[in-house]
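Okay, so subunit A shows up in both of these, paired with subunit B first and subunit C after.
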Partner chain A sequence: MRSPEEDTNDTFEAMVEVKLFATIRKVAGEKGFKTEASNVQEVLEEIYRKYGPEIRSEMAYCTILVNGRNIAHLRGKRTRLKEGDVISFFPPLAGG
Partner chain B sequence: MLGGYMGRVLEVNLSNGERRLYPVSRRIRELYVGNKGLGTRLLYDLLPPGVDPLSPDNIMIVTTAPMTGTGAPSTNRVNITTKSPLTGAIVNSNSGGNFGVHLKRAGYDALIVRGKAPKPVYLKITEDEVSIEDAKELWGLDTHETQEKLPKEMGKLVIGPAGENLVKFACIVSQERVNGRAGVGAVMGSKNLKAVIAGGKMKPYIPDEEAYRETCKAWREVLKAHPATSQQLPSYGTASFINICNATFTMPTRNFKYGTWEETEKVSGESLAEKYLVKNTACYGCVIACGRQVEVQGKKVKGPEYETLGMLGPNILNSDLKAICEFNYQADLLGLDTISLGNVLGFVMEAGEKGLLKTELAFGKIDNIPQAIEDIAYRRGLGEDMAEGVRFLSQKYGGKEFAIHSKGLEIPSYEPRGAVGHGLGYAVSCRGGCHLQGGYVVYLEANGPITVDPLTTRGKPGLVVMNQTMLEAVSTLGCCNFTIFTMLMPKLLELNARSALVAKMLSLGFLYSGNLLGKSLSMPSWTIPVKPPFMMFPQVKAHAQCTGTNFTMGKFIELGQRSYNIDKLFNVREGFAAKDDSLPERLTEELQRSEEPNSRVRLAEMLPTYYKIRGWDQEGRPTDKTLKRLKIER
Partner chain C sequence: MPKFPDEGLMRKVTSRLAKLALDISALDGSRWRALTLQSLRELSEEMGLPLKDLERQALMEGMLPLRYIRNVGTLGLEGQLRLLNSKVAVFGLGGLGGLVVELLARLGVGKLVMVDGDIFSEDNLNRQILSAPQYIGMGKVEVAAQRVIAINPATELYPFQIMAKEDDMKGLIEDCDVVVDALDNIPSRFDLQRACASRKLPLVHGAIAGFIGQVMTIFPGDLGIEMIYQGASERGIEIATGNPATTPAMVASLQVQEVVKIITGIGEPLRHRLLFIDTENNIYEIIDMR
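For the complex of A and B:
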């Protein structure tokens, strides 16, 4: 069942903020960008379009958060986006 | 003879200068192996309950493991076990560097230090002799100066002024690595022991050395191929976690009041790499090289780790990365644990703000921090009280609800209201508020590639037991915890990232079978006689070959369980009980985010199940049945 925040019109595109981290940022050459997208898959496609094939290997293992929540706990790449959402992309990290 | 061991444990009594070889049976070596496991067993056997940790009666034990110094990658950790002056509980403090390798080259697996020297001394251990040397000229020097004055070719453990002045969270430094937590440096200081140095040319016997070398080579390849250990750690060090923790509400901010801060990016691993990184550094024999070298005051020095960045950054509302590099360097020179330091500073800032004590320290104000750090190390002014840690401060001035510790040990840089299972780990950890001995469940809840719902308590007790067991086993084998990332095979991570269904299944699988997974680790070792996949658990095969024993996955798990239970048994004997497995009210009662009703650590929902899975009674004491299963003799 969709949560109210996910249950938006399929065709509605929201202005969202994309943040890239660690080696993904290194390959992209920038910290992120703003784009219009209705779901996470569209953001991913925009990343591939913007940074070319080189970014694909960096994205192979990546963790995607929407407003700090892992999309595995939402609707995966079909997670709908709303105006002002922050979508963060992290490679598999280690530390601490 | 078991392979990998030097076969000798040195015992030195500093009160009377007596030296002897302490006998350790083959059975104890097989059951407790080395590092943390062996250290705890020895302390349990040698230290009677009720001893004042800073008295000559306390014992400091330095342990290595069979694979130390044998060419296994990232496996040269050195462990220091003692009774903590900060907590009164057991402390095992683990570090990289090279001291363990040098101690074995001198011919010893472990060192037991008793008593108190009548004047400052250092201990020199070579294959030819063991001598207690006058340290008059070293006393008062910082950790760098002390190491500079000692023979270059030997391994060193040293303390700085903080250890000499018995600061309760003083650390021990070796090269630039640190045995940081719970005041092991103060114990060394209380013995008038400024340094231990060791060196020689001895090598342990390894039954089938050629096969072992091949295994180590393959193991290095596994680490070099894994995205976490081959890319992220070398590129950003442990600091790579800063941004993801901030994004997932697990970054302590303003003395753990909040879990995220808009300025955090400025002190991240990415910012460190971009602005200050000179080069990577590595512990002896490590292929990962997660260490950072930065330039401070014109000198090339060790850069801050994740914990330091979090605790001296967002936790005190400081976004000045250069300043953190300088504070880190200053703390290392003086010999202070930066986790406790950041936590103490945060507490004092909040207590000052609330009018509980008088101080110029304030959130976001950093110009007076160097002076505060120095005052702690030399116990001047308010520094005298700050040197005792946050538990003492809250008892003296009030503010227990925001004194962020467990069992007296200041909690490190993961805000547990953003990952409640991690909070359970802090509460039950035998050495007190520790992310590693707590099981590091935040990796499964927030900052790892495969995550479960971070705010539910379902399955968390079992996941804490599972992670604690694995980390404990890895640590006892002498391996760096980063070798554990091999358990998350790249193919699995790729599948998890590519398929929403797989990610969901893994997430729910961990959550719903978490307690079962934890319980399954209590199976006797003979029920799991398998050799695990090398790509996932190279440590097991390597240890078996190094020692020439039939070390299986079952024995690996049992080792982790046994090692954790002997820790617990030590604390129980000292009077610790379920009431001590606790957290401050800020973490258990206050919501981190008003819109998230589950953003607090509901300990009461998790503790009974945790004890049950562990095979402990509801007071948190291992039952006789559990001890018998694990072959632990009281």
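For the complex of A and C:
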């Protein structure tokens, strides 16, 4: 167990939870991962690195939420991430 | 309120209903004064009054149309009356909307606005509950109207065979209580949310693709569709995944459940929360979207 003091010290690495859904998850082959990325763009780059070129078509037009807010309503791909944030990637579903 | 022209007629209706009502036991032993569909139909014909007005008067007087006896344990007489007094608009009568109108009619929603400009085609048969080979080439709205009348003849219908744009939508939903988004493309969903916001009406959103579906209830002023689809193009991944039958059935049922919650006040709608379903991976996740 970490003490609160340890959690706030300089050596603590900020961790962001990345959640992948639906077809994005299928191509990635996993539910998500933890990252130290400091903004959305860095997470995207990490996704492309981890899962290769095949993931790019799945990521086109995907909805990106940071703590439940669409990044279009934040600062887009420049939206900053901090310890404990959850970033979710969804493909658009529009069938009816 | 019932549209009886005078109080004398209303008293006469109540008295006739009371005489026709039968003592019925529900499965739990609770006793109800219940009216069969046949007796209500005969009275409707005899008095020249709509079936719905008779059902409403019965409920207001504590009598139960027998067709709703398996509703009443959950909805109560008050919930049933609220459904009967409500008007719900359904946009899109495909995989989602077809089942949505079927369930709303069975539940006893009094007035249904049904909007779709499309006709049935062979590629609908895998999932659309209202489709059948003999209906190919027929308007979805026309088939839906026939189906609803067959299920629940008390339902008042407002069918519109049009591809509605925002301005049409505003007109069609004017005196509705709830609107259901069962559309199949993203721009129309934005149109419908704007129309609902301008009329200050709640919107129940549903969308599907393959084994994936989502549901959210959007109240006026909520970002809703914008949060889900901002930056997306006209269609989603359903153009690649298609839509097998199970996902539309699940999502449509959940949309109807949201409508029931809003109208009856029972339970808590999925507001600011997106229910995301991925049955392939057994994911049923509610995502906060504020």
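Keep this in mind: the second predicted complex is superposed on the first by the 81 of 96 C-alpha atoms of A that agree within 3 Å, B and C clash if a C-alpha of one lies under 4 Å from a C-alpha of the other, contacts with A are read in each partner's own complex, and residues count from 1 in each chain.
The rule is short, and it goes like this: contacts are C-beta pairs under 8 Å (C-beta built on N, C-alpha and C of every residue); 3 or more make two chains touch, one makes a residue touch a chain.
These numbers were taken from a predicted model, which means no experiment stands behind them.
Colleague: Return first, second, both or neither, reflecting whether A:R75 touches subunit B, subunit C, both chains, or no partner chain.
Modeller: First partner only.
Colleague: Could you say whether A:P91 touches subunit B, subunit C, both of them, or neither, answering first, second, both or neither?
Modeller: Touch status of A:P91: both partners.
Colleague: Using the superposition described at the top, determine whether subunit B or subunit C touches more residues of subunit A.
Modeller: Between subunit B and subunit C, B touches the greater number of residues in subunit A.
Colleague: Once the two structures are superposed, pull the subunit A residues common to the subunit B and subunit C interfaces.
Modeller: Dual-contact residues (subunit A): 21-23, 25-26, 61, 63, 65, 68, 70, 72-73, 88, 90-96.
Colleague: Would you tell me which residues of subunit A are touching subunit C in their complex?
Modeller: It comes out as residues 21-23, 25-26, 61, 63, 65, 67-70, 72-73, 88, 90-96.
Colleague: Which residues of subunit B touch subunit A in the complex?
Modeller: 227-229, 231-233, 235-241, 243-244, 247-249, 260, 269-270, 290, 305-307, 412-414, 435, 440, 447-451, 453, 482, 485, 488, 490, 493-494, 496-498, 500-501, 503-504, 506-507
Colleague: In their complex, what parts of subunit A are in touch with subunit B?
Modeller: 19, 21-23, 25-26, 59-63, 65, 68, 70-73, 75-78, 88, 90-96
Colleague: Within the complex, which stretch of subunit C touches subunit A?
Modeller: So the residues of subunit C touching subunit A come out as 92, 94-97, 181-186, 189, 206-210, 212-214, 223, 226-238, 241, 243, 248, 276, 278, 280-281, 283, 287-290.
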